[in-house]
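Mind having a look at this structure? Questions to follow.
A, B, C, D, E and F are the chain letters, set down in written order, and residue numbers restart from 1 in every chain.
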Amino acid sequence: MARKDGRQLDELRDVTIERGWSQQAEGSALISFGATKVLCTASVMPTVPRWMAGKGKGWVTAEYAMLPRSTNERMDRESVRGKVGGRTHEISRLIGRSLRAGVDMRALGELSIAVDCDVLQADGGTRTAAITGAYVALADAIRWAQAEGRVPKSATPLIDSVAAVSVGMIDGEPMLDLAYVEDVRAGTDMNVVATGRGLLIEVQGTAEGAPFDRAELDGMLDLALAGTARLTELQREALGA
Amino acid sequence: MARKDGRQLDELRDVTIERGWSQQAEGSALISFGATKVLCTASVMPTVPRWMAGKGKGWVTAEYAMLPRSTNERMDRESVRGKVGGRTHEISRLIGRSLRAGVDMRALGELSIAVDCDVLQADGGTRTAAITGAYVALADAIRWAQAEGRVPKSATPLIDSVAAVSVGMIDGEPMLDLAYVEDVRAGTDMNVVATGRGLLIEVQGTAEGAPFDRAELDGMLDLALAGTARLTELQREALGA
Amino acid sequence: MARKDGRQLDELRDVTIERGWSQQAEGSALISFGATKVLCTASVMPTVPRWMAGKGKGWVTAEYAMLPRSTNERMDRESVRGKVGGRTHEISRLIGRSLRAGVDMRALGELSIAVDCDVLQADGGTRTAAITGAYVALADAIRWAQAEGRVPKSATPLIDSVAAVSVGMIDGEPMLDLAYVEDVRAGTDMNVVATGRGLLIEVQGTAEGAPFDRAELDGMLDLALAGTARLTELQREALGA
Amino acid sequence: MARKDGRQLDELRDVTIERGWSQQAEGSALISFGATKVLCTASVMPTVPRWMAGKGKGWVTAEYAMLPRSTNERMDRESVRGKVGGRTHEISRLIGRSLRAGVDMRALGELSIAVDCDVLQADGGTRTAAITGAYVALADAIRWAQAEGRVPKSATPLIDSVAAVSVGMIDGEPMLDLAYVEDVRAGTDMNVVATGRGLLIEVQGTAEGAPFDRAELDGMLDLALAGTARLTELQREALGA
Amino acid sequence: MARKDGRQLDELRDVTIERGWSQQAEGSALISFGATKVLCTASVMPTVPRWMAGKGKGWVTAEYAMLPRSTNERMDRESVRGKVGGRTHEISRLIGRSLRAGVDMRALGELSIAVDCDVLQADGGTRTAAITGAYVALADAIRWAQAEGRVPKSATPLIDSVAAVSVGMIDGEPMLDLAYVEDVRAGTDMNVVATGRGLLIEVQGTAEGAPFDRAELDGMLDLALAGTARLTELQREALGA
Amino acid sequence: MARKDGRQLDELRDVTIERGWSQQAEGSALISFGATKVLCTASVMPTVPRWMAGKGKGWVTAEYAMLPRSTNERMDRESVRGKVGGRTHEISRLIGRSLRAGVDMRALGELSIAVDCDVLQADGGTRTAAITGAYVALADAIRWAQAEGRVPKSATPLIDSVAAVSVGMIDGEPMLDLAYVEDVRAGTDMNVVATGRGLLIEVQGTAEGAPFDRAELDGMLDLALAGTARLTELQREALGA
């Protein structure tokens, strides 16, 4: 079965990771999943949130946002509307949770890292591109912190790498890494976040149309784990590891 | 392995559904999962959101909130803080999506139903209790609308029932319907929303501690689907069906 | 003259006080004035507002809110609208002032008690039911604080009990404890807060229709003080005093 | 018993009403109660709130605010804090209700009048000065509307005049029109709004310290009604009636 | 060429400065530029913003606002709309910057002065009237602080006086101090803030219609500096210097 | 006198304009002034603001924002803080006014164009880079609208091009196009917006340190107009005109 852009069912779009895009941030990456482009910057800050202070542990947070004309029709800015929408909140929380699963907070020590993921252009899969790029920015920020002596050079704050990809059921077939035109047609939409070792961090499957059964769920999980394995390789190349 | 409250690993807490609790709402249920108590009210409104108008289809939304002292420590009211938090938004969206999966919007016709889920007392599993109770309130509101002639008596707006339950991995064991003391210890926390026929509407699994593997995911899904099957029976009893 | 629900002009609706409804809060009561139901919870907190710190005195505040479908038509949530409305503010302030009139802040010592009054179902008189139930929750929270040693057992923080009732002029007659259908017909609406000893804490009379004269004011005050005396008895019974 | 500024217990402060202060508004008055100065402007607008449209009736609203340095210590602006405080809301609602009691909405016809009361300098009694001045601005705006043909010249929208004054119990004595230094010492603080014919529109008595008894309430009401009668005369003089 | 109100092209409107209008503020002035009236109050506060603390330097801020009916048509209050508009922010920032240019922050020492400029009536030039009046209020507040010993009597915190005026191009002619009817017709609108010694603090010229050339800019600057020189004299008279 | 980056006093930084960067927007440009990078997108929308409807004229607006880590230290997002800051408002308004000076609204016809300027990396001069890039995006959006028949092909909506540059006084010397390290040292900071024909649209000069005299103002204007002339050439090249 042919996809609109000629890909196989189990094929990722072209993925590029421009590491070190920003000359301001301690870590950064401009990541593309096809036409989807997300600028990820990681900022190292010397303090942790108040409720964590004095425990000798670090913290990692994330914020996701879309530029108003990253999409096909211009959206109002959330700053102008005076509040952050539900979808934005939800994705920011997902990215933060996912990144934290890859970090040993005790090894990081008492500092925090804020990773900003700003979608410059959107064509489906912005949250999974954001997670995958955010990990690269985070890894570089931790290297910076170790080079600067903010984190002991002997510490190993990164336990495992983190990557994410979307899968969906379209016309009864599971497909990997949905572009926007596919996403709107998908009966089920699932995002999977996995570690470099292939363990699961987050599984979020939603029936947008008809509910799905266990067999469909299994098919989608197989595709997704193959996808995150490939993204893990691309992250390693980008980080020169 | 014994649980703190003496339950088996695959055992729900005591679940009670007090249908018709409110004399104001078109449908309502006060649901308890153990000490967790959620008041669900469904309001039938004659209009749909502007972006849906004129399509001859209905709409179902949900809002979730916690009373400030439903929890062990008092939380600030979101109305006083001037904004709805990320977690609240996320759960409201989840409940709405879940309920919509059980409804044929064309059969409902151009009206909307808002289901409010207010947590009066919280002891873990508030979102899954809310979904399970919200379905009962929704079903009654649809009966009311058919009795009143707002929806044709010949129509069948309810495609399938909807119920939800939490599962988690604790000390390497999957457990069903976590109470708060279990929830905070769980390495993985998963919420599963399923239909009365046993199909999946939503699967949300999150590694709070260590990532999980496919086998653990399968174990949790087995427990969850047995739990939602039992909740479906209790919904039927409550609805006198 | 007969009232719609068969009561005498000077008769309260059925009043029930379910003390200790919440297993989370230090004090709580679910109070009903007929179909009006208000859940009152009192939370003891170890600090006072900044402007009071270091004076050796305590503080009592209250917040009032209505569930969106406590009323006959669904109201938007104040959290979703992003601000607390004028009426809500006004009633929260009234409840707080009324409760503070019954408490010796010096005897309480430097801690604060927040009383939340959430209207689960509204049928007129929600603010007066809230004050009457809030006093029971407050009294229990103070007992808890004394039992826990947070307040000296020898102290007497409660000076007097506090109860409230509404009265109104309908068709030239003063009536006690207005239900919603009466409230909307009342030319004058008055709320009276009084102590267990029969002294006045707050008198708020408002001409909704024609202005009222001194004689009418006197007639309403007589009814109200008889009503608060009866509510005081019911509070004592609920508190087992 | 002498008051700090030499007044008798039943004596108002110097009251001046500068009618027509604004050259922009349809009606206006700068009113002083001693050092308390409130600028009241009435704006005639051709529409009514949506919920009133098409009923052939008018509407009157009011907004009260204090300049940040009208008080002895500078307060933050409510616009900068991003929300209107509870006290401000409460007073705005009180002024609006009081003015509406003096107006026949059907005679006014389908237009609305917004009365803004901005406290330029505060020394106690700002809400009562605001109501008393607002009536003068409102009366002039209605004259303007009749002169302009917006309201029929044969109509009589003003039923009665409206004035307000504060009273309080200080050291066991009832006193009229409290200045700020008296207000902070008062055990009970009461605001009374009355019509030119001596009927009551609003009675709001609050025990700030010890609760009060019926005899004290009666003493305060006597003083207040004498005060509003004197303010009614001053309003008539200002309006040249 | 005659102006609508008979003024010469280079003539200011009648300017009056009522120094010490407020009995609450440490410094105040009610300034009129024709029908434009702005109440300026300066509040001395013992602390500086957190980011300035411990540097031994003071700070001066300003806030500008318009009463809702200062204009020909009533505007919504910014407090009610829940946010400060762009124009208000911009003018508040301009006034603050302008005043700070006249103050030696080191000589002031670690305290701050907040100057509030509230427009009671608007007829063009409100921001320039505000700056000119704010300087008088500020100067008086500094005298007060020196008299009270909050600022050493030997210090000289005021380096130079500050005044402002508008100019514009109307029908090809530069005109000084535009009234509202002129302002709306002006092709270019410029505000100039200058010191008593004739140096420039701020030049803001905006083409509302056709862009302007260097010669027109020069003509407007000549008029403006003559205008601020005259305003400087009036400030000196008001301050009795 | 040498500048830190080796430039002459009257020399611009390297300026690049990547036209058509976005595949979503009707017009777009990624502009760099040295390390300052601003993404400008222009969105054509079929309606005008309500207050302009039915006049047969178009409208152009702009919104400016900075990514949280575009700067050397991470800033909080304005969406998260719940409001747009004063500086952001001010610059958005400046960009909008500047662009409108180049457009014949009647020739545009009844549609609006929103230009978003998002600073991806900031090193001084973000508002002037934004205006210069926004013009390119706007010009392309208008070409698109003419190609699509939304604006008549015979119409000439663009009257003149618009470019902007900063100048400042540093150590007594006027300098063109300040980088961030220069900006913080400048005694005076001026932004000049000019047309392709060399006329002035906006002049905003602010004394950050010592006030400036007329001769300094003239020197800065000379530099600025030479700078905008050079930017006009670069815009023409980018637009292939």
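Operating definition for what follows: a contact is a pair of C-beta atoms (placed from the backbone, for glycine too) under 8 Å apart; a residue touches a chain by one contact, two chains touch by 3 or more.
Computed from a predicted structure; not experimentally measured.
K.L.:
Find out how few touching-chain steps suffice to connect subunit C with subunit F.
P.N.:
Counted as steps through touching chains, the separation is 3.
K.L.:
Moving step by step between touching chains, how few steps can get you from subunit B to subunit E?
P.N.:
3
K.L.:
Examine where the copies subunit A and subunit F touch and state whether the two sides share over half of their residue numbers (same) or under half (different).
P.N.:
Here the answer is same, because the shared fraction of interface numbers exceeds one half.
K.L.:
What pair in E-F, A-B or A-F shares over half of its contact pairs, by residue number, with D-E?
P.N.:
A-F
K.L.:
Report, in whole Å, the distance between the mean C-alpha point of subunit B and the mean C-alpha point of subunit C.
P.N.:
The answer is 33 Å.
K.L.:
Calculate how many whole Å lie between the centre of subunit B and the centre of subunit F, each centre taken as the average of the chain's C-alpha atoms.
P.N.:
51
K.L.:
Just give me the whole-number Å value for how far the CA centre of subunit C lies from that of subunit D.
P.N.:
Spacing between the chain centres: roughly 28 Å.
K.L.:
Please list all residues of subunit F that touch 2 or more other chains.
P.N.:
In subunit F, the residues touching two or more other chains are 82-84.
K.L.:
Chain contact graph: line, ring, star, complete or other?
P.N.:
Contact pattern: a closed ring, each chain touching exactly two others.
K.L.:
Which chains make up the ring, in order, starting at subunit B and heading to subunit C first?
P.N.:
Read cyclically, starting with subunit B and passing subunit C second, the order is B, C, D, E, F, A.
K.L.:
Under the definition above, what is the set of subunit B residues touching subunit C in their complex?
P.N.:
Touching subunit C from subunit B are residues 22-25, 28, 35, 39, 41, 43, 45, 63, 65, 67-72, 74, 77-80, 82-84, 88, 114, 116, 118, 120-122.
K.L.:
Considering the complex alone, what residue numbers of subunit C touch subunit D?
P.N.:
Touch list, subunit C to subunit D: 83-87, 89-90, 92-93, 97, 101, 160, 190, 194-195, 199-207, 210-214, 217, 221.
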